[in-house]
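Heads up, the next two complexes both have chain A, just with different partners, chain B and then chain C.
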Partner chain A sequence: MSVQFQDLSTTPRAGVKGPGAAEWLKQLGLPVPDVPNTWLPLGGALGGGLIARLGNTEFLVEGPESVKLAAPISHGVYPVLRQDTALVLKGARLNDLLLETCSVNFLAINRTTRPALLTSIVGVGVTAIPDGDELRLWCDSTYGEWFLDTLRTIAAELA
Partner chain B sequence: MRLPPKQGEWIDRNHPLRFRFEGRDYDGCAGDTIASALAANGVKVLGRSFKYHRPRGLMSVANHDVNAVMQWGGMPNVRADATPLVAGMDLTAVNTFGGVDKDKARILGWFSRFLPVGFYYKAFHSKRLFPLWEKMFRMTTGLGKVDFATPHLRTPKRYGFCDVLVIGAGTSGLSAALAAAEQGADVAIVDENAKPGGSTHGASELVARVVAHPRVRVITDTYAAGYYTDHWVPLIERGRMTKMRARAVVVASGGYEQPAVFRNNDLPGIMLASGAQRLIRRWSVKPAQRIVLLAANADAYLAAEDFLAAGIEIAAVVDLRDVVPEAQKSALAARRIPVHAGDCILEAIPTADGNSVASVRTKSGEITCDGVFVSVGWAPAAPLLYQAGTKMRYDDSVHQFVPEKLPDGAFACGRVNGIHTARSLDGERAGSAAAAHCGFGVDRAIFVPAETESPTHPWPIVAHPQGKNFLDFDEDLQVADLENAIQEGFDNIELMKRYSTVGMGPSQGKHSNMNALRVLARCTGSTPGEVGTTTARPFFHPVPMSHLAGRGFAPERRTPMHARHEAAGAVWMSAGVWQRPEYYAVSGQSRLDCIRGEADAVRNGVGLIDVGTLGKLEIRGPQAAEFLERVYISKYAGLKVGMTRYAVMCDESGVVIDDGVVARLAEDHFYFTTTTSGAALIYRELSRWNTIWKLDCGIVNLTGAMAAMNLAGPKAKAVLAGLTDVDLSLPYLAVREGMVCGVSARLMRVGFVGEWGVEIHVPFEHGAAVWDALMAAGKSAGIRPFGVEAQRLLRLEKGHIIIGQDTDGLTTPGEAALDWAVKLDKPFFVGQRSLQAIARKPRRQQLVGFMLPAEHTAEAPKECHLVIEDGEIAGRVTSIAWSPSLSRYIGLAYVRSDMATADRKFHIRLTGGTLVAARVAKTPFYDPENLRQKESA
Partner chain C sequence: MKIMTCPINGPRAITEFAYGGEIRPMPDPAAASDDQWADYVFNRNGAPGVKQEWWCHTPSNTWFVAERDTERDAILRTYLYTGEA
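For the complex of A and B:
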């Protein structure tokens, strides 16, 4: 298949939101993206995980560092249980797949600014991080099975 | 006939294709269209007209020939002038009775005087006779035949992006694309033809430069079907639709060459000069041997060169202009071809069989010919410009509408812009400006000289007392039809269109609108500019159903137990975006038996239902209780930690919109549920309120992150006991956090189905494991999974309502028998003011329980059947089912308030009109003291 799918759903992750979330994460020793809808790698490469700022006051932490979010919360901090379906997509026809499933022009996105996009693919709300020639996706797990089946079907047609 | 091979022709003579039309075999070539192949075989009659079934042939050869529409197997309305020929095609003309040659319906032409404009409005208003007329019209009208067995093609849709989109790959469009790309823009140029080039037919240096340019994508065989906000243009390709988002659009769509109107102007052999040129240049087809060229512009004389080069004899040029410029006619004069200036064709004379033109009668006399080629002017192909919001004006110097003010980011060039001569220069100007609009280079502001002579004649219409001077070839409208419509008062362009149907056929007026508005202008003493045009709406060209009904996305949500349900024989039903088990099929049992079996397991043993589709929200913060006080109609500030309470939500008009259960986990921490269908809406609405109120609390949506299941029945507690560390002597409506099967869980003591029950909420990833453990633990107790239908039955026995089924978009809490939940003495809640006002008025209706007589065995009412009182509608049934526990039909219904008294009798009307007796009954029907669900020992 000209688009490869890797399922990272079992990677540990946690979320947090609220007006005190950014400060609380800093106190936990995590780097906090300054700009909403951007992300930062944790521990150097992506293998160490990432922290994404999904809005002014909402964050996703993925990877080993996410265990830090089990710490007692403080005022204005609300934990978010993350049970996402998480995927990595790559391959020669990835952009064609995206053109048939999403209204965002991923080729035009400046990856050096580390954008984290909130959009929809095949009608499912996703968080999308383009990184090099890969695309990382997170969606609600209740959509996960249908989401993956649909993407695979279209990818197979493209192949 | 086919001309000798020449360079640049679109056909591949080495690949012959055999096909069939109207039962006869023909040969064509790869690269042919159906029409070009038939023309090469000398076939002139390709179809029959819509109303009078007159023989018709090719006219434009530009995808607008609505009288050359064919049926290809199950595919109706194949446009012969644009559809590539395929080997083995078996084609027939549409809209004939007995074939195109001997169409029996041609007799309708004899009755044309009895079919005046708007005749159906005048003749078919009798209600009594309407079925007869309807049957007759359905039989005699319409185009192709729809094959309902045709498979549903999931044609893909795709998004596209570019800086500059150029629509039309003719001279002006190609020049625009090149100019924009040279300035650095990413350009896409789209054209409906198989090859770029427009009137150059692909053979030009400009085409080669554009195709080779690295920043230009040339998209052929594709048309831009509409123009939407923010330069969003759907591109229709044969196999898919691309939604192209451009930063700027250059409309270089050219013009439609316009027919002249004279008696019998629809005979096969009479066609537009540009159509004849296409046949000659692209497919090397000689469309006639001896022609009369009807002219009114310079284009006609350029076309004449093509005709002569193809070996066509030009018997005469009949020019509508009084004076023909010497430069235009000198070449013809040198060949002794007569040019009759200030002349016109009064009528065309058909051959004996009526299937072709035999001669034309002009002011100068009769001229024998087998073809008439017409070049009297152009209409701008401007629908996309109109849709973009362009303000157009009528330009008397070119006798066409031209853009006066284009919207930001939209540009026009070439014929559609009123530039017919310096098209390349105009394209360069527009391309440069479009690129500059996107931030590439600067607008070169190129000067484009205006036309020195109008390319369009202002009145190419010749009256004839015997009519048959057709103005609209789609709808068989003659000049007199429009004159009569105007005389009858339909003297506005929009009214005239609808009354006469001019421009309402498949070509959407591409060849009729301009002449129609000229007739209207002349009859009303107006100018064409004052008359204006009709509204141009997307799509301006027909889009196949396979594209419109192509691949769409309807996401499905599945709980983590989906595979378990599937394995257990679930019969699925949609609940909003969710898939839920309606019931679990058991081999050898009916649907009803399965549902009742599941209900019986809950009543007498233990059952397990997946309720993970419920909305699941969490709110934390010092003002979390205050927030809930404001959004729900009951009180929560005093709710004790470790307890739950039923919760009803209203909108600001006091209408019930949702319900659920609120659980207090800590002083500043609540977990609450919503209805399945309301989850997303309620979360969005609560987030909106929280933004407005700025309370010190935050809401988290856990709907997808948490799995949930309800274990219920007299044996439920025993099943759960071995799997949890939670003390199960917890009281009814309590909530506890603890471990179930080694997983952190929230347990809520509920009673929706009327038995001892507990909702178990765990993270999504553990849902399936907990389900498995409960099913295994309950095996010896005969546990059964139960579906939505069993739950509906069980809750009905308890008289519990379902929001959306037992309420509608106007139901207040009082009407739904939820007065007890409304706490009007609270300082504020959403909907409070409305409910206070409503409370001062008499109640219209009341939800009540009802029963049918125990002996009722005949057909039972269904949901939505009406309650009838004294012959009047007095309510409706919202829920009804046969109760195994009570051995009778029970239900819920809205009735007039005065009828809502115990044992009040009323009637329900079945679909067939039969009335069924019922009586109001107190709820709960089952276990009225609620002892079973409250049991805590």
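For the complex of A and C:
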């Protein structure tokens, strides 16, 4: 298939939000992205996980470091349940798939600024992180099976 | 494609947004007459013109204010309720 899908839903992840979330994450020793809708790798390559700032005061931490968020939370920090379907998409026709299913032009995105985009793909709200020739996606797991099936069907038509 | 600019997420297709209604100041429930309260609860102003409206960028659940000229179908500006993003 011209687009490959990898399901990373079982990777540990956790989320927090609130006015005190950024300071609390710093106290846990995590690097906190300064700019809304950007991300930082944890421990070198993406295999070590990542931390993404979603909007002004919400954060997603994925990978081994996410266990740190089990610490007692402080004032102004609220846990966010992250039972996402997490996917990695790559392949020669990935951009064609995105052009057909999403209104964001990913080719125009400056990847050096490490953007995290909150948009919709086939009508499903997603968090999207382009990294190299891959695209990482997170969406509500209740949409997961349908979301993956729909993308696979469209990708098969592109092949 | 019609574009709206979310104060946090930037310019996006209008399909990513949901309308939340016109911003209308609520009268004091204790001081308002029955007529004033009924007008606030039941009546809406459909006359075209410049209006301030609640809109939500649904993928990020970002609520913000859009100033829209409903006569010209033009979005004049968008901003967070707490101030410019």
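Criterion: the second predicted complex is superposed on the first by the 159 of 159 C-alpha atoms of A that agree within 3 Å, B and C clash if a C-alpha of one lies under 4 Å from a C-alpha of the other, contacts with A are read in each partner's own complex, and residues count from 1 in each chain.
Note that in this section a contact is a pair of C-beta atoms (placed from the backbone, for glycine too) under 8 Å apart; a residue touches a chain by one contact, two chains touch by 3 or more.
As the structure is a prediction and not an experimental result, all values here were calculated from the model.
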| item | value |
| --- | --- |
| Chain B versus chain C as contact partner of A:Pro36, first or second or both or neither | second |
| First (chain B), second (chain C), both or neither touched by A:Val126 | second |
| Which superposed partner A:Val3 touches (first chain B, second chain C, both, neither) | neither |
| Touched partner set for A:Ala86, first chain B, second chain C, both or neither | neither |
| Touched partner set for A:Ser103, first chain B, second chain C, both or neither | both |
| First (chain B), second (chain C), both or neither touched by A:Leu25 | neither |
| Contacts of A:Asn56 with chain B and chain C, given as first, second, both or neither | second |
| Per-residue contact with chain A, leading partner among chain C and chain B | B |
| Overlap of chain C and chain B interfaces on chain A (superposed complexes) | 103 |
| For the chain A and chain C complex, residues of the former touching the latter | 36-37, 54-56, 103-104, 117-120, 125-127 |
| Complex interface listing, chain A residues touching chain B | 17-19, 76, 78-83, 99-103, 105, 107-108, 122-124, 140-143, 145-147, 150, 154, 157 |
| In the complex with chain A, residue positions of chain B that touch it | 156-161, 243, 245, 553-560, 562, 578, 612, 618, 620-621, 696, 698, 700, 702-706, 763-765 |
| Of all residues in chain C, those that touch chain A in their complex | 1, 8-9, 12-13, 15-16, 57-60, 62, 85 |
